[in-house]
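Chain lettering (A, B, C, D, E and F) follows the sequence in which the chains are written, and residue indices restart at 1 in each chain.
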Amino acid sequence: MAVVATNTVRTPLELVDQLGQFGVATIHEAQGRTGLLGSHLRPIFRPIHVAGNALTCEVAPGDNWSIHVAVEQAQRGDVLVVTPTSPCDDGYFGELLATSVRAHGVRGLIIDAGVRDVAELTTMGFPVWSKVISAQGTVKETLGNVQIPIVCAGQYVRPGDVIVADDDGVVVVRRTDVERVIAASANRESNERDKRSRLASGELGLDIYAMRDKLRERGLRYEEAQSP
Amino acid sequence: MAVVATNTVRTPLELVDQLGQFGVATIHEAQGRTGLLGSHLRPIFRPIHVAGNALTCEVAPGDNWSIHVAVEQAQRGDVLVVTPTSPCDDGYFGELLATSVRAHGVRGLIIDAGVRDVAELTTMGFPVWSKVISAQGTVKETLGNVQIPIVCAGQYVRPGDVIVADDDGVVVVRRTDVERVIAASANRESNERDKRSRLASGELGLDIYAMRDKLRERGLRYEEAQSP
Amino acid sequence: MAVVATNTVRTPLELVDQLGQFGVATIHEAQGRTGLLGSHLRPIFRPIHVAGNALTCEVAPGDNWSIHVAVEQAQRGDVLVVTPTSPCDDGYFGELLATSVRAHGVRGLIIDAGVRDVAELTTMGFPVWSKVISAQGTVKETLGNVQIPIVCAGQYVRPGDVIVADDDGVVVVRRTDVERVIAASANRESNERDKRSRLASGELGLDIYAMRDKLRERGLRYEEAQSP
Amino acid sequence: MAVVATNTVRTPLELVDQLGQFGVATIHEAQGRTGLLGSHLRPIFRPIHVAGNALTCEVAPGDNWSIHVAVEQAQRGDVLVVTPTSPCDDGYFGELLATSVRAHGVRGLIIDAGVRDVAELTTMGFPVWSKVISAQGTVKETLGNVQIPIVCAGQYVRPGDVIVADDDGVVVVRRTDVERVIAASANRESNERDKRSRLASGELGLDIYAMRDKLRERGLRYEEAQSP
Amino acid sequence: MAVVATNTVRTPLELVDQLGQFGVATIHEAQGRTGLLGSHLRPIFRPIHVAGNALTCEVAPGDNWSIHVAVEQAQRGDVLVVTPTSPCDDGYFGELLATSVRAHGVRGLIIDAGVRDVAELTTMGFPVWSKVISAQGTVKETLGNVQIPIVCAGQYVRPGDVIVADDDGVVVVRRTDVERVIAASANRESNERDKRSRLASGELGLDIYAMRDKLRERGLRYEEAQSP
Amino acid sequence: MAVVATNTVRTPLELVDQLGQFGVATIHEAQGRTGLLGSHLRPIFRPIHVAGNALTCEVAPGDNWSIHVAVEQAQRGDVLVVTPTSPCDDGYFGELLATSVRAHGVRGLIIDAGVRDVAELTTMGFPVWSKVISAQGTVKETLGNVQIPIVCAGQYVRPGDVIVADDDGVVVVRRTDVERVIAASANRESNERDKRSRLASGELGLDIYAMRDKLRERGLRYEEAQSP
């Protein structure tokens, strides 16, 4: 009853890598404040940064069988994105699977569940964002779909969408939006560069963004503090 | 409808810095086990330590407008304390705001909500204690009060109260209590120095604190373990 | 009304240390996926690793009196395991207690509650797994049992059972199972060594574990992705 | 920057109502254990049951403006499905909005956030499943999309998909699957009727489902309990 | 070291009862969306409604001694407001204490911790809003302050402030604001009455609140749905 | 690899039913404030009350196979106690299993996980305390032990221990302690009867329990409130 979609379309790696030069906060803003996965996904080490094509995989609770199926679908530049079909925080993924997926070009893991062997994963420099760290092992009895659209940590992720993740969290960009988001991110970053230097020199955001009139309209009042 | 209190009284920086020589646990004990903010506020890097005058700021959910207003009220030696008017974990504060508040002398941030750009904040060495790390951006539509008494993470904080924060968490000391708490903290620390060396040499707390009689009174019984 | 069991049986330290050469995930698997304490227990620093005989201790909410009682029962090679009689996240344990228990040979702390002085504990290299970090102090008014079987973070722990803990979490091994689990762990590790090198060379788990037939039986279908 | 999709396709109400005759657990099983929204969505009263076409709506944190926009898109037989663009538990919906949407034929509300006026909603018999009950009011400053596909409580919901909700929770059925799921649900229910009477008479599931051989194969052992 | 403030000022009961005619959501809006206690405080039965003068009380974790002290300070028309000095979910209050405080005129309990005997409290019709229901008993060893300003569930509550609580939650109104908030609540309610009937007749909020121009300005677009 | 212990010893039903006449809070106090299961276990309807012999059962995450095995071990007067081997909130138990276990004399269910069909279970009057309500179905692939000692919601439960549960929660009493706890509970209840009438007449706990001297010793001070 489970399906593996083969020959899914991916985003070209040149574009993936261009997008990956930006941080998650920038990309999330640049695409209109959308695409951010839930903040309960935390990196297992810091600093950390990865970008890749989503290789999607569903797992049954306490069962990591379909991750083994997903490995065969991996291509260079993928990021494995795993979601449980119902919530369970077991450790679905550890050093052996990291060794295996890395051998097939996978750059990192996003999992709305648990991982284990985090000391070894850290030594390997294999980036992981997970909900929990748990040594709890899993069985191989129930299948899940691979390379179909999934919901992971509150976002809809299609195979071949681009995942970027860093210390701030994880964002997904639709395959068809990547070029537009690269441009918008670059634009945003150059704006920020200018603002950063003005703010560093002590200029106020109130003035840079010309907020004073609007604040007054909305009824902001300045009042001398009462003597204590 | 929102208010900015200006010319609020602050604790003199000499006192702030004297208090800041102690750890949060010591200060919390020294003022009678009060003033500790909720332990869900965690530092974004470790080790970490800051002390400063509370610069208080309310934010509407998903809206960081009032933080921009607060920057103008900052003075050297302040710590920005931000609380949402209703719970929302967005990333209200990032590198640009940190650059701005630092330019105005702010030493760190306490926020019962989310922050972003934590890799950059870590590189800057800008200390932050937050509820969550989230790249989620915010709007600038709804005002909040600035420099009025607020509740942050379960504690009442007035502008000019002293905030001390370290790896253990965040504590607030009332402006009028600072001198007393400095003395009590110093006293506590010198007591601990003595106890530490006795404990390190193997002397038991049971003896140092003369607990054995009271334990017996309360009915503590020592029983040989049954053979397994 | 509280009891301290004295002269409890411990696991010989040679066995403890042999077991301690393995990771938590390996041991948990080797004993049939049992014995793992809840994943909400997190280490205060990383990397981290400890093994020792469980020295068990119950604390009343907001009261660490019985930990002082437990110190006297400590022996070289123990790991202190503390559970509250009802949930409370105060900081029951800090630098002074760490200094004291270390002087009596205790190697680390597992506590289903809070700790404080984590900067100092980190500097000391004293390993702790806790539910929370909190500077909140505790009183000394209510007793708890020491060296009796307890439930800690969902597992039943007897004095003298072996605790192993690392970056992945905490596992308990019954005293009477230690030799068997050492053998099973060694066996598991040598199996993994072989698999790791095959996986690293790109061989698929599907083939190493001969999963393809079973997958087909269970109805796994491979389908060409529809053009987007 | 926000969009309202008009003239979206709906599932015919005859089909919606046929599907609505089944419980959530039955439907969820009948469509292969998929489509269940997160169990943190709880009904505000019990017993409770509704079925309708999804009328989807995104809200900004602390902002219910787009719900007012959604009302105009409502048709008889809809169920309003609201998701925040970032997590915030304010009370986005109360008696006035319930009065309004009911006047436009809406049968109930699914919201991954907060509601208020629950006493009045209960008196009205207006069914709501929410994450939280909160009196906290919201502003009307930021738009959200209406009648586009959304993720609500972990499931992807398209306008015109069918929502069924009862005491057990909330399930979504794709518009194109409704007829198939009605048939499968009816089938499942008739199977259960038979099993229920056999089980009520004391027949064991072990025998009805012929599990004994498989249990033995998997290594289930029956052992006389040791005398205590 | 603990204090009981005696002869605190209360809000006259006529005003308390006038305010108590309004619901929590109305009052919270009428005072500018402030004063709402955290939504984790839930009533033990529904429907439920109470209004009274805050009788404030701090409890040590797992210790309800100060509630006994508070009873003596009770006056007719009070609502007991209890906050722990550090978080602990034990059952601090049950049938006996309810019998006692009711004999002294107390109308209900707000507690940011646990209660027990909820079947009996329900039978008595004694209204309680708590964080948790727990049978866990408490000791009487550590004092807490009584009738001083406290923070309860995120709000600052002074003795003699007015508490109103219903199915939606709990709100506090400052003693000096009560008359103003009564007037504003009455005004709000009469406005709502008018709007309710217009909304019930099918008129749209978009028109009643004249939102269409502002929506257009902010860039709301209506687009025909693509055929599926 | 899983075991079913047969012919386990049970507590005689006359004792079970005598104990079941008391409430959970009373029993928990009577046995020295021990034995209470975690307060996250909540009843699916109220009022509710059950007492029975623990019939213990482990389930793998997302897998209810062993519950079917447990049914065969049931005897009249049992309460089924189910714990997952790792946390997972699926709905392991519904109307069909309730029908089956009831036919074998089981009086109720305690499960540190999810249940479904709660409307039907409520209609049947089948008492359940669970962690969550979830329609999510489970598989039958992995075995769990039956009628062995387990940890459920933080308590160690042996087959044949007595479970009592009501609106306040769930308590376990060891088989060998039942007679002693019945006597202590009866004693406690008669004490409470006397106190209840004294408290109802307005007598203060401070006097009934003779607390005033001890309060003074601990430093309680009464201070006139400052004029506002």
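The working rule: a residue touches a chain if its C-beta (ideal position, glycine included) is under 8 Å from a C-beta of that chain, and two chains touch if they have at least 3 such contacts.
Fair warning: this is a prediction, and the values are worked out from it, not measured in the lab.
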Target subunit D, source subunit C, minimum contact steps: 2
Chains touching both subunit D and subunit F, listed by label: A, E
Which of A-C and B-D has more C-beta pairs touching across its chains: A-C
Same vs different contact residues, subunit D with subunit E, by half of numbers used: different
Subunit B and subunit E: spacing of chain centres that average the CA atoms, whole Å: 28
Where subunit C and subunit E are represented by their mean Cα positions, the distance between them in whole Å: 42
Sites on subunit D at which at least two other chains make contact: 1, 33, 36, 86-87, 89, 134, 136
Pairs of chains in contact (touch as defined earlier), listed by label: A-B, A-C, A-D, A-F, B-C, B-D, B-E, C-E, C-F, D-E, D-F, E-F
Residue ranges of subunit E in contact with subunit F within the complex: 1-9, 65, 68-69, 71-72, 89, 91, 94-97, 99-100, 102-104, 114, 116-119, 122, 132-137, 140, 142-143, 147, 159, 175
Subunit D partner contacts - residues on subunit E that touch it in the complex: 23-25, 28-29, 33, 36, 39, 42, 46-47, 166-169, 171, 192, 195-196, 199-202, 204-206, 209, 211, 215, 218-225, 227-228
Complex contact set, residues of subunit A against subunit F: 60-63, 86-90, 134, 136, 139, 141-142
Subunit E partner contacts - residues on subunit B that touch it in the complex: 1, 32-34, 36, 38, 85-87, 149, 151, 154-156
